[in-house]
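Chain IDs A, B, C, D, E and F follow the sequence of writing; residue 1 opens each chain.
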Amino acid sequence: MTNKGREFEIERYRIDQEPFYVESQGEVGLFTTAAQNRMPVMLKGPTGCGKTRFVQHMAYRLGRPLITVACHEDLTASDLVGRYLLRGQETVWIDGPLTLGVKHGAIVYLDEIVEARKDTTVIIHPLTDDRRLLPIEKKGQIIEAVDEFLLVISYNPGYQSVLKDLKQSTKQRFVAIEFDYPAPAVETRIIEREAGVTGEVARALVKLGEKVRNLKHHGLEEGVSTRLLVYAGTLIRQGVEPGRACEVSVARPITDDADMQRTIGELIKAVF
Amino acid sequence: MTNKGREFEIERYRIDQEPFYVESQGEVGLFTTAAQNRMPVMLKGPTGCGKTRFVQHMAYRLGRPLITVACHEDLTASDLVGRYLLRGQETVWIDGPLTLGVKHGAIVYLDEIVEARKDTTVIIHPLTDDRRLLPIEKKGQIIEAVDEFLLVISYNPGYQSVLKDLKQSTKQRFVAIEFDYPAPAVETRIIEREAGVTGEVARALVKLGEKVRNLKHHGLEEGVSTRLLVYAGTLIRQGVEPGRACEVSVARPITDDADMQRTIGELIKAVF
Amino acid sequence: MTNKGREFEIERYRIDQEPFYVESQGEVGLFTTAAQNRMPVMLKGPTGCGKTRFVQHMAYRLGRPLITVACHEDLTASDLVGRYLLRGQETVWIDGPLTLGVKHGAIVYLDEIVEARKDTTVIIHPLTDDRRLLPIEKKGQIIEAVDEFLLVISYNPGYQSVLKDLKQSTKQRFVAIEFDYPAPAVETRIIEREAGVTGEVARALVKLGEKVRNLKHHGLEEGVSTRLLVYAGTLIRQGVEPGRACEVSVARPITDDADMQRTIGELIKAVF
Amino acid sequence: MTNKGREFEIERYRIDQEPFYVESQGEVGLFTTAAQNRMPVMLKGPTGCGKTRFVQHMAYRLGRPLITVACHEDLTASDLVGRYLLRGQETVWIDGPLTLGVKHGAIVYLDEIVEARKDTTVIIHPLTDDRRLLPIEKKGQIIEAVDEFLLVISYNPGYQSVLKDLKQSTKQRFVAIEFDYPAPAVETRIIEREAGVTGEVARALVKLGEKVRNLKHHGLEEGVSTRLLVYAGTLIRQGVEPGRACEVSVARPITDDADMQRTIGELIKAVF
Amino acid sequence: MTNKGREFEIERYRIDQEPFYVESQGEVGLFTTAAQNRMPVMLKGPTGCGKTRFVQHMAYRLGRPLITVACHEDLTASDLVGRYLLRGQETVWIDGPLTLGVKHGAIVYLDEIVEARKDTTVIIHPLTDDRRLLPIEKKGQIIEAVDEFLLVISYNPGYQSVLKDLKQSTKQRFVAIEFDYPAPAVETRIIEREAGVTGEVARALVKLGEKVRNLKHHGLEEGVSTRLLVYAGTLIRQGVEPGRACEVSVARPITDDADMQRTIGELIKAVF
Amino acid sequence: MTNKGREFEIERYRIDQEPFYVESQGEVGLFTTAAQNRMPVMLKGPTGCGKTRFVQHMAYRLGRPLITVACHEDLTASDLVGRYLLRGQETVWIDGPLTLGVKHGAIVYLDEIVEARKDTTVIIHPLTDDRRLLPIEKKGQIIEAVDEFLLVISYNPGYQSVLKDLKQSTKQRFVAIEFDYPAPAVETRIIEREAGVTGEVARALVKLGEKVRNLKHHGLEEGVSTRLLVYAGTLIRQGVEPGRACEVSVARPITDDADMQRTIGELIKAVF
């Protein structure tokens, strides 16, 4: 508890405890091979299916620090590479997350890369060539990545639009591993563990998750993530009535449509 | 009175007096459970139905400071996280409201989050993961939130449009509590108390409120808030003729449409 | 006269002479009540119907300074709240007009609020809550408004469009007083007084004004303001032929449409 | 001649020689009356019909300096009002053209005001009220205009579009004087004088001008300005063949349309 | 050769060697007359027809320095006029290209003026009035142009669109000289001279040029420039097979359309 | 290995080892001739067909440094030319990549030039004229390029749109060499060499590549690059099952379309 609230040094990006992750289709081996051969990796899949947890797990397994950057449309190349800052009377250079990773051999994870501005997207091009270089224009320098550096991006194909899509000249620099929601047995184990509920409750929640995800073909924008099912489980463990717990954790967050909320409400009743 | 007009220190975000709030459907318990389990909370509901008052009430009950940020399309990530400022010859770092809350265990309330720029929305992602981290890129640091930190956002589904909607990858990080206008008995108590009017006047105003809110299905953009009913009550207490008080507090502010104003005018006459 | 051209100190926002204003429907009493109860006020009405003059009059009557800000789409929150400025070697904080008013108990009048950027609009939200707070993010401070502070906005419903409209969550924070052009007798007195013309000339001008304003239902964008009628009167007093005076003061400024100008020309001939 | 190329002090805005101008419909008297009564003036009319020359002429007649600002969409309020600048180690305030005029009693001429950004347009509002104030937000000051200050704007109704139009609340602050191309006798005198050609050549050019301006009703975007006719005259005086002189001075500059150029070519042949 | 790579002082804008130029329709005399009479000049014509070479030639003939500015949509007024720069501890003013030309009597050539931002376009207005003034707002100064200063702009009517067009109030300040591709005999001489090929090869290339330019009426965006024909000649002189030389110098650069490239390929075969 | 992670000096842009490249249609000779005659070169062709590798190869052969700039819509002219930077108390000028190349005789390769902002595109105009000048506006200087400087741009015609296209006045400054995917025998050699697989595996991958590229006429956005085939080969060499290796290296990265992925899956099965 004394640990909380103070500022961490940048090398603390290393993950000390093994993040819980259950493999589904050989992705651990594939990622390991890619990392050993310095091949950039793209994680494809819907919201909340475990991409972020997987990369945390792999960073732990490979013993490399993990630097995560949530991309957005105002993220500049400088935000990634670094900038000069005034500190009192002195100007000091602060390495950005990408430069940090390139120098110290971290996994740099650019989450939702399609959201980034084009200059951010393009800065990774020379890093994904066989020469693995990062030009730092502001310092007139060029850095070669250490062997342990690995670039990983996530990409949700469902979001793709004309305005926000990766260029082929970017896409074709990555090995792509596809993700989907965990299999029922796996998801049950996750919920049991993270929400601290019985197997029975966990199985009911997984069943609800499956039913809600099927609604995606009937107008629901996106299926429910494992995280929200864990939220529901946690509330149930704390004594919240299961129907209410699922309403506030599942039905309300994922849709504003009254009909869809009613439909999900009936699914909740059917399960509990 | 001597207190007014001077500048408050930042730790004065603590609320000293209990804000008046009447619970309607178990939201106090739910919020408390979520807060104890470090689950981010989304408050959903129309304008002026009591979301802001509820979060003030909960901050008081839980004994945590409340930092409110009214989101808008020019709010930058730096506005939330902090920035270096020149003070005379020195450069000093000023924590933004989010950093303040993360360090000192406050409830940070991002009001009308859909109005914010995307970089502002995305900065809350690592804070709503299970590791609860806030990266401060400008300082090359990463802060872990103290246990008392709680992120709360408000969201009015009626405002949602293609351009301004929360991404599913943001939505699915929150437990969502739905709000609506207070029940008649509750709203009557609020108006009696806050406007200082008799129960009879308060009941008449609540009746007017109900009738006006029903117009939402007949072309009115948004129902009338409890706040405007309190304004009307206050004017009546000060001797303004009730019809005129309701005209300037209810009919005029909520619509510019002449027909709709006439309709509301007739509702006013029917009630008083 | 020796007074002109020098720079005034900021506390000179106080109005020394009573601005001429003729009440039409109890707005003086309503505004006074609202001011005493710290209720924000919205003045609704067309261009040039006397909203600005009214607020000047009320500031004089209530003995409070009046700080007027003409809103526009590039007005930033910093323009209202204040900013740090370099003065020689020193950095000094300069309070913006809103902070000035909040500290010293002025009426702050945001003219044509719909023109403002969203961050400007949103900054007034916590000031119009019951806690009446102004956060100054740049200084990491929060100021509570003194009791004499009053926020007043003007709003021309005729301008409203999809792009430029006040959000309901902003509108529903104000008591709204509606304005229209002054009644004939009142407008005649104003023109007599301000243009220095006889009652006969003033009455003719008022008649012209009425006829021109009726054209609004026949394609004229906006009626003629009292100010332009005063201009016409002034030119007539200076010896300009009445028809020419009305042409340059009324017909030419308010429309570029040749047919409409011809129609107004005929109205001018009919009156003089 | 030794005078050229050196930098003038700002007070040199005074016009020493009488600019040649021939009055057409009493505009000299009207402008003088408006100036004496501190009424802002709008000059309306097409490109190149003499608005700029008229305001130069009036500045000379009234003995006031003339500060002209060509408005454009990137002109900021600071460009007009002034700003702090670093000069070596010192920060100095530089008055913008509007502040200069307000302090020293100049005519400030905002040419093509519709091109300006909205914050530029709005800054003139308090200057065109009866209190004639210019707030300088950056300095926390407010300046009252001296009596000799006069605001003049030009406005070409032909340019008006939905995106670029003056708001009624701006328009209705000005007396509007309408301009058109000079009458034939007047334009002949101008060309004789400025191009140094004989009356015969000048009359031919005026005839050509009239014919070209009539094409405006047949698809020509804008009529030919007196300035271009003066250019043609100058080239003719220098020995350029009249047909070629008119082609490069009239036909080529005003249209890119091949058919329209051919039509103008035939008009040239008909006249010379 | 030792000369290369070092930095030239700004007065080196003078052209020491006569640029090769063959007059076609009296443009040398016209330009000279305009320059002597301080009339701004617009050069109209398609890409690569010799406008830039002509202005270089005229600068040499008139013995004036030539300052060329390639306009683009991010060119600011400050880029043209100048700005204060920090040099070590000192702030120094650096004249922009326009100010340099205005002070020292250069020809300032704004290439493709329609690409410039509006504030850049408008800054030339007072320079093209009869008073020839350049206001330097940042320094609070106003400079009168020396007699040798001449403003020249280029303008490609084929590019014109609704968004990118010169305003009439800008166009009508210039004498306009129209350019087209050189006549066959002239173009042959240019290619012989610049590519160092025989007359036979040069004539073949000119023939190809003519045929390709005729395709403009059949869907080709723009004709082939003399420069590209010179490139083709140079490659041929260096031993590249003529068909291949024309393919890479003519067909490939000017179009991406496969059918059009095939058509040009057949024209190449027909000529060589 | 000790070499990795440290910062390279800017002159390290020289390529020490010959990049593997197999010529297909005389492009080595053409490029050499163009370089010797200082003719700017445009490389046209689809993503991943070897343009970047070719320019690296040529830089090695010609013994010139290679400076690559990945263009994007936020790349400014200053990013290319250079800027003043504060270093402690001193202001130092840092040459941008273009200035570096112009001074020291490098090949400057602007990759995907159509992505750049217009000011970036236009800055190369004077460098591609026969005078080969680079104006450095910020320093008030103009630099003549050394003979060894060569400007090379890449351009993917398939990307071209109305919004993002090179202007003819830019295009017509370059000799254009067209590229396509390598011939089967060449591509086989590349894959054998770079992935370290047998000829049999390499040939199978080339066959797959051909089949996938044919899908471009059936709705696939872009064919598969040689790089992705090398990725597949590398995974196969590391023991990944060929079908899975091709799925993650070919099918997943290049398309999000489920039908297209299935089609590619069948092609993979047919080949392995």
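Throughout what follows, a residue touches a chain if its C-beta (ideal position, glycine included) is under 8 Å from a C-beta of that chain, and two chains touch if they have at least 3 such contacts.
Please read these numbers as outputs of a predicted model, since none were measured by experiment.
Visitor: Which chains contact both chain A and chain B?
Guide: Joint contacts: the list comes back empty.
Visitor: State the superposition rotation angle between the two copies chain C and chain F, fitting on C-alpha atoms only and giving a multiple of 5 degrees from 0 to 180.
Guide: 180
Visitor: Do chain D and chain E, two copies of one chain sequence, contact each other through the same residue numbers, with over half in common, or through different ones?
Guide: Under half shared, hence different.
Visitor: Taking each chain's centre as its mean C-alpha position, how far apart are chain A and chain D in Å?
Guide: 60
Visitor: Rounded to the nearest whole Å, what is the centre-to-centre distance of chain A and chain F, using the mean of the C-alpha atoms as each centre?
Guide: That pair's centroid distance is 30 Å.
Visitor: Report the inter-chain centroid distance for chain D and chain F in whole angstrom, where each centroid is the mean of the CA atoms.
Guide: Here chain D and chain F have centroids separated by 52 Å.
Visitor: At which residue positions does chain C touch at least two other chains?
Guide: 86, 89
Visitor: In the complex formed with chain F, which residues of chain E make contact?
Guide: Touching chain F from chain E are residues 1, 3-10, 12-13, 47-48, 52, 68, 70-75, 79, 85-89, 94-97, 111-112, 115, 156, 159, 194, 221-222, 224-225, 227-228, 231, 234-235, 238-240, 244, 248-249, 252-254, 256.
Visitor: In the complex, go through chain B and note every residue touching chain A.
Guide: That would be residues 26, 29-30, 33-34, 36-37, 39, 42, 44, 76-77, 84, 86, 89-91, 102-105, 117-119, 121-123, 125-126, 129-130, 135-147, 157, 160, 167-169, 171-178 of chain B.
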